[in-house]
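You will see chain A twice below: alongside chain B first, and alongside chain C after that.
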Partner chain A sequence: MKKYIWKKIFTGILTIIFSFCFTFFLIRCAPGNPIKILAGTDNPNPELIEHLTIKYGLDKPVSVQFINYLKNILKGDFGYSYISNESVTKLIKERIFPTILLTLTSSILSLVLGTFFGVYAARKVGTCMDKFMCGLSYIIDATPGFWLGMILILIFSSTFNILPTSGMYDIREDYKGAYHVLDVIKHMILPCITLCIIQIPLYFRIARSSVLHIISEDFVLTFRATGMKEDRIFNKYVLRNAIIPTITMFSLSLAFTISGVALIEIVFAWPGMGRLIMDAIKNRDYPLLTGIYLMISISICIVMIITDIVYALIDPRIRYE
Partner chain B sequence: MKKQLSLFLVLVLCLGLMVGCTNGGKEVDKVEETSKVNNEENANKPKAGGTFATSISKDPQTYNPCAQADDAAYKVIQNVFNKLVKINGDDKIVPDIAKKWKYSDDGKTLTFHLQENVKWHDGEDFSSQDVKWTFDTILKEKGFASASLSDIEEITCPDENTVIFKLKSPNAGLLGHIAWFGTYIMPKHIYEGTDWLENPANQNPIGTGPFKFVEHKKGESIVIEKNDNYWGDKPYLDKVVYSIIPDENTAFQAFLNGELDDTGSIPPSEANRFDNDPDYVVREKLWPNKLYINFNLRKGNFADKKVREAVAYGIDRDEIFTKALKGIGEKSEYFISPIYDWAINKDVKLPKRDVEKAKKLLEEAGYTADENGMYFSTTMDLFPGFDDVAEVIKANFKDIGIDMDINVMDDPAYDEKVWFGHNYEITMIGGYQGPDISAVASRIASDGPMNIGGYNNPKVDELLKDGLALTTEEERAPIYKEIQEILSEDLPMVYYAEKGAKIPVKVHVKGHPATDAKEKASEGEFTYIWLDK
Partner chain C sequence: MALLEIKNLNITYKTDKKEIKAVKDFSLDVEAKDSIGIVGESGSGKSTLAMGILKLLPKETTKITGKILFNGVDLLKLSEEKLRNLRWRDISVVFQKSMNSLSPVHKIGFQMEDIYRVHEPNVSDEEVRKRILELFKFVNLSDRVYTLYPHELSGGMMQRVSIALSLIHYPKLLILDEATTALDVVTQGQILDEIMKLEEGLDLTRMMITHDISVVASSCKKVVVMYGGCLLESGYVQDVLINPKHPYTQGLLDSFPALTGEKKNLRGIPGSIPDLSLEYKSCIFANRCKKARDICFKKVPETKILPNEWNVACHLLGGF
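Let's look at the complex of A and B:
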């Protein structure tokens, strides 16, 4: 087991290094130049552009920039954003809490609801209800999230005026304590519902198909032949076996929690990481982007290692392979 | 029988309702009239206090008001800092922290007399030294406005409240550049001796303006509060909150349902919906800002003047204006913005659409039509925002036999390919060309920073220089009229519209810079706003 864990950690580190190098050069391959964006296009000043290019070391070849960046990273310095001149770690830190709050809540809610509906549909397979739920899941799957968000705003904020359109706090009031928490929850409802609606069909289909798959296996038939009660077979044997794909799905979505959900964050003006990434891309803010990508790849690797360990614990066959 | 009876009853009910409604309506009208009278009486007695909520589409990156151009920060900066002179809502130059100014007779000295007893937000005294330091630093550190201020030779401060700009050559356009952008007076006592790009005050600005900066929560909001020690007309509002809402449609919904008092984000498709709405006052605004098709004159199909002429005849400006621009702004007729009506050369107009003439011009240019009637194909490179206009032009081009693809890129990619790389055939741009007429130089002078097509006509350069040396409209008009004549012959660009906007202001918002306070305040300045609710 120890060897297994070390092997996973080693591949994790390799993945991080590879993805870091890859993104570092890929970002710089994109057309456009951050300094020229800084200087503005309405009235760009060639002298300012030259001044800033030298200041940020962008006059040097990319390989030299890469080595300089590595040196700084080893000292724990992720650099400063070109655009705002603030440290990359500070910019990321500011966004982590709202991001995790929104994505984690909605991931857990959709996991629970989606799996519940999926198992329900699988038990009622072939009935009208099952057909209806399957059909609905495809329709929702084909619905773009930002559009759904917009429609929810139109219904709940503009027409009925019961929920706020956007943001994380009431900008006019300055709530403290419990009222503050309530205020955040109120602002979170719409983006959270939107995310859940988009994610539920995923869990629904996985749970439904894997339950159906397990039910058709021979051992279930054998249990039935022994006269064991249907509920007992289902709860004790089918469900446990059917839940593994769902765990994979959930851990995948956990791994991406930190990268946020850009389109939904934009529609609801939620101060999350997705927006930070989009802005950084638009501005070609290299240090910020490299920092964010590095952090995302680290978090993905950590979650993946944990998932692998959990698998090994659940299913001993995996750790001996 | 029963059915007939119920039908009759329904009819009676409906009639009753209608009568009731009309009566009610009259009463409401009366109430409105009296409240209007009350409002007019109260108009001179603004109510102090309250929070004003508006939106901004992205996070400001730095509040250093002179180093770089940051459109998002600009909205906040104009409430926190002062310039010497500013541009008001009518695009006129009005006093800000300089109460008077004067050009010397030879046009080579510009003297500003400053407001007295001005204090910075941190309590320090403001003086002419701050002005000198600001402009010296902009020039030395290559701030955003440094290129347009390069005619400044020396700045002196004979006393605390006077600043004298000595110029290398007469420049009537300089005052406009000082009034425009990147020229806010910065606190010398905070910035002196530091790197002005990294000074902590860039995230926590100290100005002399009507509002003090409070905080900026990244991705959420920016708060500024009333400056009780403001040297000028004190603001009525207690505070202003800028909510950061990246999506235009979301901001618009928040504006409609009252979460915001004001927004800069009105989707173009919604611009006409407030026209007859009693809850809004709509200001129709026109900027000295022409939208145009720009050609690469160095190479490619449009380097040939006949082809450019064909485009001028080929596009349907009426269709662009009504369909793509939804009738907002104005259709272009002349070669200069209608804001400068004193300088318009009425003899040179943009041509009326003539498809046959356009085709003939293309044939004269040596093209022959293929089996589909197309003379040649091209690609229009664009940055986002011109989509509807581009579609209309694409259809217009098809009529005259040019097969055009539209290639929309994000800003950085566009800048690299078109703006700095000049690797394109045809594109569209626009932008502010004021407050002084001489600002057109940046687009048509051979060394103009926005002359991306590479237009080079020594006669135009000479005329532009002459235009700077003269100050009265009578003297300058013939010069700019001649420039328009040359432009109509060379056609380095084809204008199609004058940029405008319909700005809806909620009736409870008084003293808005787009309406009541347009003469005193700059475009996004909230000094005079008060809330009538």
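Let's look at the complex of A and C:
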């Protein structure tokens, strides 16, 4: 088991290094030039452009830029945003917590709820309830998240006025302690529900098909033949076997959610990384983008390592791979 | 009274389009301490019969009629609760795919303890452990297996685990559904020997389902030959397998090489198993039977009872 964990950590580090190098060059390969954006399109000044290009080291070949960047991060310096001139570390620090809070909460909630519904539907397979839930899952799957968010705002904030429309906390109040937490939770409900509704169908279908698959396995027949009660077989043996694909799905979709949450964050004006990423991409803000990508790949790798460990704890066959 | 009496058992699988009659009008008496082998080709209804006796067939898609009397109690009429009490304690089974017969993510010892506790909920941990280790010794497994996972064992070892598991409550009837089919001949021989040795000390009745006649010949007292869901011939091994009366049994025996005596060409039986969704008004084997006469295509043969519990369902018996 120890060897397995070390192996996973090692591959995780390799993944981070690889994705960092890859994105570093990819961003710079993309068309567009941050300096031209800085200089504006109305009346670009060639001298200013030349000055800024030299200032930010963009006149040097990409490989040299890469080595310089590496030297700087080893010193803990992630550079400054071209646009706001603020330190990348500070910008990311401000924004990463809200994003992780939102994605982790909604992903864990969807995992639990989706699996619960999936298991429920699998136990009632073939009934009207099962068919209804399956149909509903496809409809929700086809619903765009940002649209759903806006509709929820329309219903709960505009019409009934029970939940805030946007933000992470009430800027007019200065809550402390438990009140602050409550305030954040209140602001989180709508974006969290939106993300959950989008993600639940995925877990629902995985859990449902997995339970149906496991329930037809030979070992279930053995337990039935021993006279064990159906509920005991299900809760003790079927569930643990059926949960494995769900966990794989969790780690896969979490990676997708962290980067895909941007649209939802924008709809709800959630002060997360979403808007930061969008603006950084639009402005070709190289240092900020590289920093964000690095942070995303590190957080995804950490989650992956954790899920791999959970995976191995649940399924002993994994440990030997 | 026989331990297990099967009377006019019919098992039908229902699909949307048709009904497949997997077991047809099947009757059989199994006396206590008998060892009985049920042979037949794939699709002859052997396993369906076993699953039917255990009532493990899916309720929604199967229809069972007839009687299965175990110690005089009709299993088909028992409530789910009573049936559960009877399972494993009175009738247990060893399945063919023993590699998958236990949950892959739980330790073998843990699962066996749990199964032991189904009928003995109040025993102490030590007692359970003692019983399981005793069974492991019975089937030549080391104590280490207790803490292993199913995937860490070989096929033969898992088969031994399955056999140990099936004996955990000293069952009266043990059904082995193709239990040794997937094993190599050496392991198969060892396991058969072990099973027979086990029987000596226990009050065990064994029903062995297999397509391998040699397994039946070497380990059973009686044999039942099934074809297309019907019983064609049954009786003591030394009668049926030495001097078969039914052309199908003769054909089956001709399909196996003999270890001693002259070299013979293996003949096999041409054709394939019948379509079980059709209603047969003739002998079900008639269209593959080399000896078939007109009557074979016109009438379902009655089972004729010869001396020494020998039953044969063939028109040709006597006279032709």
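Simple rule for what comes next: the second predicted complex is superposed on the first by the 301 of 321 C-alpha atoms of A that agree within 3 Å, B and C clash if a C-alpha of one lies under 4 Å from a C-alpha of the other, contacts with A are read in each partner's own complex, and residues count from 1 in each chain.
Keep in mind that, in the parts below, contacts are C-beta pairs under 8 Å (C-beta built on N, C-alpha and C of every residue); 3 or more make two chains touch, one makes a residue touch a chain.
Every value quoted in this text rests on a predicted model; they were computed, and no experiment measured them.
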| item | value |
| --- | --- |
| Clash-or-fit label for the pair chain B, chain C on chain A | fit |
| Partner chain in contact with A:L288 - chain B first, chain C second, else both or neither | neither |
| Comparison of chain B and chain C by chain A residues contacted | B |
| Partner chain(s) touched by A:K236 [first = chain B, second = chain C, both, neither] | second |
| Centroid geometry (CA): angle chain B/chain A/chain C, rounded to a multiple of 10 degrees | 150 |
| Which superposed partner A:D315 touches (first chain B, second chain C, both, neither) | second |
| First (chain B), second (chain C), both or neither touched by A:T222 | second |
| Which of chain B and chain C A:F268 touches, first, second, both or neither | first |
| First (chain B), second (chain C), both or neither touched by A:T165 | first |
| Which of chain B and chain C A:S157 touches, first, second, both or neither | first |
| Minimum C-alpha spacing, chains overlaid - chain B and chain C, in Å | 47 |
| Complex contact set, residues of chain A against chain C | 217-219, 221-229, 236-237, 240-241, 244, 314-317 |
| Chain A - residues contacting chain B, complex | 30-34, 36-48, 51, 55, 81, 83-86, 91, 94-95, 98, 146, 150, 153-154, 157-158, 161, 164-169, 171-172, 266-272, 275-276, 279, 282-284 |
| Chain A-facing residues of chain B, complex | 51, 53, 58-59, 61-62, 68-69, 141-148, 181, 197-198, 202-203, 217-221, 241, 243-247, 249-251, 253-254, 256-257, 259, 409-413, 415-417, 419-420, 431-432, 442, 449-450 |
| For the chain C and chain A complex, residues of the former touching the latter | 54, 56, 83-89, 92-93, 95, 97, 100-106, 111, 114-115, 118-119, 149, 151, 165 |
